[in-house]
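One chain, chain A, links the two complexes that follow: it is found with chain B in the first and with chain C in the second.
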Partner chain A sequence: MTTDTIPIKKIKEINRDELVAPGTPLCAGCGGLEALRLAQKELGENVLFTNAAGCFTLLSVYPFTPFRGSWLYTSMSSPAAAAQGIRDALDVRMDKRGLDRSEDMQVMVIAGDGSTYDMGLSPTSAAIHRGLDFIYFCYDNEGYGNTGFQLSAASPLGSATQTAPPTRLHPSGTEAGKKDLFSIWAAHHPPYIATVSPREPLDLINKVRKAQALKGPRLFISLAPCPTGWGFDPRQMHLIAKLAVDTGIFPLKEYEGGTVVHTRVPRKRQPVETYLELQKRFRHLFVPEKREDIIAAIQKSVDDYWGPYE
Partner chain B sequence: MLRIRFHGRGGQGIKTASQILGSAAFLSEFRAQDFPLYGAERRGAPIVASTRIDRKNVMERGAIYHPDLVLVGDESLIGDPVAAPLSGTDSSTLIFINSTHRPEDLRDHFKLFSLPVSADLTRLCELHLKRGNVLSTALAAAAARLTGLISLEALLQAVDMELGESGLGREIREKNQTLAGEVFNSMDGGTLVEKERTPEPAAAFLDMKQEEVSRAAPLVLTPGNMALRKTGNWRMERPEINYEDCNACWICFVRCPDGAMGIGTDGKPVIDYEHCKGCLICAEECPKHAIHFTREVSAWV
Partner chain C sequence: MNLHRSQMKMLTGNKTAAWGARLADVDYVPAFPITPQTEIVETLAKWFAGGEMKGKFTNMDSEHSMFAAAGAAAATGVRVFTASSSQGILYGLEMLSTIAGWRVPWVMVNVSRALATPITLEPDHNDVFATRDLGILQLHAETCQEVLDFILMGYRVAEDPRVCLPVLVNMDGFYLSFTREPVILPDSEQVRVFLPPFKPVQPVFQASCPQARASAVLGGTNYAYFKIQHHLAAAHSERVFDEVAREFGARFGRAYGKVESYRMEDADYVFVMSNSFATKGKAAVDRLRGQGIRAGLLKLILFRPFPASTVADALCGHRRVAIIDQNLAPGAGGITFNEIATALYARPDRPERLLSVVGGLGGMDIRDGDFAAIIDYLDRRDFNGPLILFRPEDLEKFRTLQAIAGHPLVGV
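Right, the complex of A and B next:
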């Protein structure tokens, strides 16, 4: 099954309303906030949020909210379970309590990679398996950013985190590769999965538009370049996001009807170094001496990924 | 014991300043304790870091409520009720403000008990480090000088130690040392007098009683009221649009994470200075280079 939605082609077609109000105490230059803001522009007002503990805890600080719709805060493990409860409550009220169908809302999970890749994966798996009608939006900054940037299952090979710093015995910092959550989700065969980037607003919005026309579990992973945790100047947020795509490190793709399609294929992939060298979390790969071995391992993992497609 | 409190914003190196001061005191044969206080880490948000210095072991713990010396890295914090950098100060507290204003003007504007010390550290950081918003070394140097207890030699060694520990290379450490020396030598030292204070009492336990649901789990009933919170004073640099060069492509509008770039009736972007956090993404991304930025010099003009 594929969907026929009309994609937007120009920046000026993007909704001018700010559905995530300014004033949130998130970091200046937050990539996750930018991605959420763009997604909301397409989703509109009728959204109920369940928010796992994480950086986005700060979105709503009592008595303030940036959203038009309600916001329910949950533990790191349970936003998908909370989404089920809200979905059920809406359905029951429409079926039995006379709530008009025009007042139905989308239920949307907002969760970071700590929740999504680690603690919340099992309830999310169950929710996808049950075919829960919801949208899942993961802002992936590749670490537990809200608590000082500790290692998560999304932290990439060779990156330094608070709990995986480079040491003499562990020169690469993080030694495992990033968990392939996209494939884990895809193994559940939901209607729609996509990766998105704040740097690609049209691609992001068109994917949200496509998802909105579908029912059932629709899942997003957005790269969320993090000035604080990754160590770069906030003004370079979009440059970092761009290089993540241009180097092939963060593939933009979607899963629909059993097939995966890449929506932005870098014409000539740039070497991963161009992405790594701008970030403090990879600095140990360049000083005091350049770690060609670790950089080569990162490059190889990217080459291996793209091999079948090029 | 000297109790010293540093106030600034996330990203300015406030925690590092307290560490450099602590190490410099230790190298000057004092006992020292340094620690930051913050909730969720975020750039631009108010941050406090503290250093206690004593000849004896420092047994006191917890936040410093009545400081002997307060260093404010960003004067726009003084009017911020959440940051409240001047809380617990009295006429005996020495206040240092990083500002372009004269001490007399700062005293009158902020209604201070006494004349503060001020210096434009941001300019010096810009000069030596090419980064006006990294104040760690400069603030620590100012604090070290104002305590009157720390030698320049100990300060320079502490700068090298602490910055080395956070992974900075030799060249940048040396630049920081030059900066530290310049700040240290440009100020009058030894103005701080150690006072006997009774130890600060531990906070009493609060007996939390069970509230009814409407109070314990309150609702927010005004959609989008986050806009009432102004994040404009997070800004260390101020973007400005040169409308003659602007071709209304809307890239800045699309790329602003905070939604602080609106579109005016003429189709050109308008910066919402009440909320702009100063990330400068707009200036970086503008294809016509029509957005430049200037330093936010002060809390008032």
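Right, the complex of A and C next:
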């Protein structure tokens, strides 16, 4: 089963309106913000964001907001629960109190990986289980970025974070692999899940277009290359995002009707090293001595992932 | 669906709370079960499912989520009700604080239950007082009738343009939640005149009214501005409560003050109490008066905002006052004692003796003899308190229990 929407084929078909105004306190080169900017172009302005504590909380600092729609900051773990309250209230007002249907809004959670993978997972699971009609947008920079980059359940094997520092006793830094949020959502059988990248605007726009035509819980996990947390020059954001896809580390895919489809399959996957060596968070894998063992373990996890599809 | 004439029913505190929400024509109930509150949400679930109530009942996954949904729905312009207790209040405490700051009106019932550890089901007031500094208004009910009336009055106060804050109505678990009392249910039309459908004065979420709400602030000045606004609204709500209580009294014939004085006129000894145990206190006052001791009781009803001058007016001119807290701040004592002592400090005619008493913890009874003992301690100048109501025979009972289990420390 696929959704009957017409995909765009060219960049110039993307809505030229800028619906996320510039000038927010977010970092230069934030991949998450670029992905949100693209998503908003397709979503339009009639969106109500419920926000979890994280970098994007700084998008709306009183008395400013970069959005034309609405915004509600909630807490670190409850944006999905607040989305439930808003959705329910809009429905009740339309059904019981005569609110015109044109007053309806698209309710959308916007949360980082810390909230999404860790603290907010249980309330989100409950919201999916209830069949809440909402979109969840996770900007995943693989660590608690707003607090200075500590370990989250999205931090990948071999990456350095402030709370999983590489040492002689723990040479890889982060020792666990990234939690498979995509599969956790898929286990709830929602109508739609997709991973997106700010470097793949057509793929991103078409996925948002598809999701918008559906109802129920829908998830986007956007890779959010993070200059400050990952340690690269802001202008390299697109390169890092591109390499994440080209190495196969961040698979672009979607789940719909029980089936997972990869939307960008790298023809020949580049070695993970090309992605790792550009980022300070993986530097300990290269100096003072190259940790072939850890790099090989990362490569193996990527190979294992793609094995069934290649 | 409607009550066409007022009627008297025998109802538990919990059923009464559900009736309060029904008569208030509540639009939305996000719910999560917890003893001893569950009967409230079970009743409402049946009424929404059966069509007696219109709107939506949503089973949430925790109190944290429940309060988030409640606040978000109130910010979207519907009339919201929910209920919780004890550990649930603590689990949701982050959201209670957060959504009080959203300045959205809604009403909740807390069915008081003591806090872990040890985990228990029976009441005291440490749960409700954990919310006392969050900017949520609090009304404490002694009877089932008060539960109903305070819910209806609570919506009027909460939704008043000068207030826009959540109201918590408190009742004791078990002692009131599961006790049947005669309750007058007013007819729906009469309630509707007193409490018309919710018309939010603040902008609410809808497409034609985009807004950023609860945004972050940078800097203490911006933070302080909102916090002071919150304080002023909570402080002004005392006057709003007076107005609402007057109108309620005129319409329904039941007049409430911020406090209730019981046989206070010539009282030499005053017990300050709240919630269902005030009934025990009143009975004790009657007994003591029968013995020629001029006792009286002051019942706290409005606890947030704290009606300091009303409390002081009521207590000044009485010589000896015991403030009975059914809560314990370990290392400090009773919680309401400090607030009452502060209210009296600047008054030249304040009572010559104030005694902090801590009792009724975790549902422990306050017995006739306890009230007599409090009178004795009020007369003793050498005792500064707090007086903790736990007698040698209570300790003996506890030791007996340990002995049954072969506790190794018995006899040490």
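Definition applied: the second predicted complex is superposed on the first by the 309 of 310 C-alpha atoms of A that agree within 3 Å, B and C clash if a C-alpha of one lies under 4 Å from a C-alpha of the other, contacts with A are read in each partner's own complex, and residues count from 1 in each chain.
To be clear about the criterion, a residue touches a chain if its C-beta (ideal position, glycine included) is under 8 Å from a C-beta of that chain, and two chains touch if they have at least 3 such contacts.
Predicted, not measured: the structure shown is a model, and the values here were computed from it.
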item	value
Which superposed partner A:83 touches (first chain B, second chain C, both, neither)	second
Chain B versus chain C as contact partner of A:189, first or second or both or neither	neither
Which superposed partner A:236 touches (first chain B, second chain C, both, neither)	first
Partner chain(s) touched by A:102 [first = chain B, second = chain C, both, neither]	second
Which superposed partner A:31 touches (first chain B, second chain C, both, neither)	first
Chain B versus chain C as contact partner of A:48, first or second or both or neither	second
Contacts of A:170 with chain B and chain C, given as first, second, both or neither	neither
Which of chain B and chain C A:91 touches, first, second, both or neither	second
Touching partner for A:75 - first (chain B), second (chain C), both, neither	second
Chain B and chain C footprints on chain A, overlapping residues	57-58, 60, 62-65, 67-69, 71
Contact set on chain A toward chain B in their complex	11-12, 14, 16, 18, 20-31, 33-34, 37-38, 55, 57-60, 62-69, 71, 145-149, 198, 201, 227-228, 234-239, 280, 283-284, 287-288
List of chain B residues in touch with chain A within their complex	10-11, 40-45, 167, 169, 218, 220, 222-231, 234, 249-251, 253-260, 263, 272, 275, 277-281, 283-285
Touching residues on chain C, where the partner in the complex is chain A	27-28, 30, 54-56, 58-62, 64-66, 68-78, 94-95, 98, 197, 205-218, 222
Contact set on chain A toward chain C in their complex	45-46, 48, 50, 57-58, 60-65, 67-75, 77-78, 80-86, 88-93, 96-97, 99, 102-105, 122-123, 125-126, 130
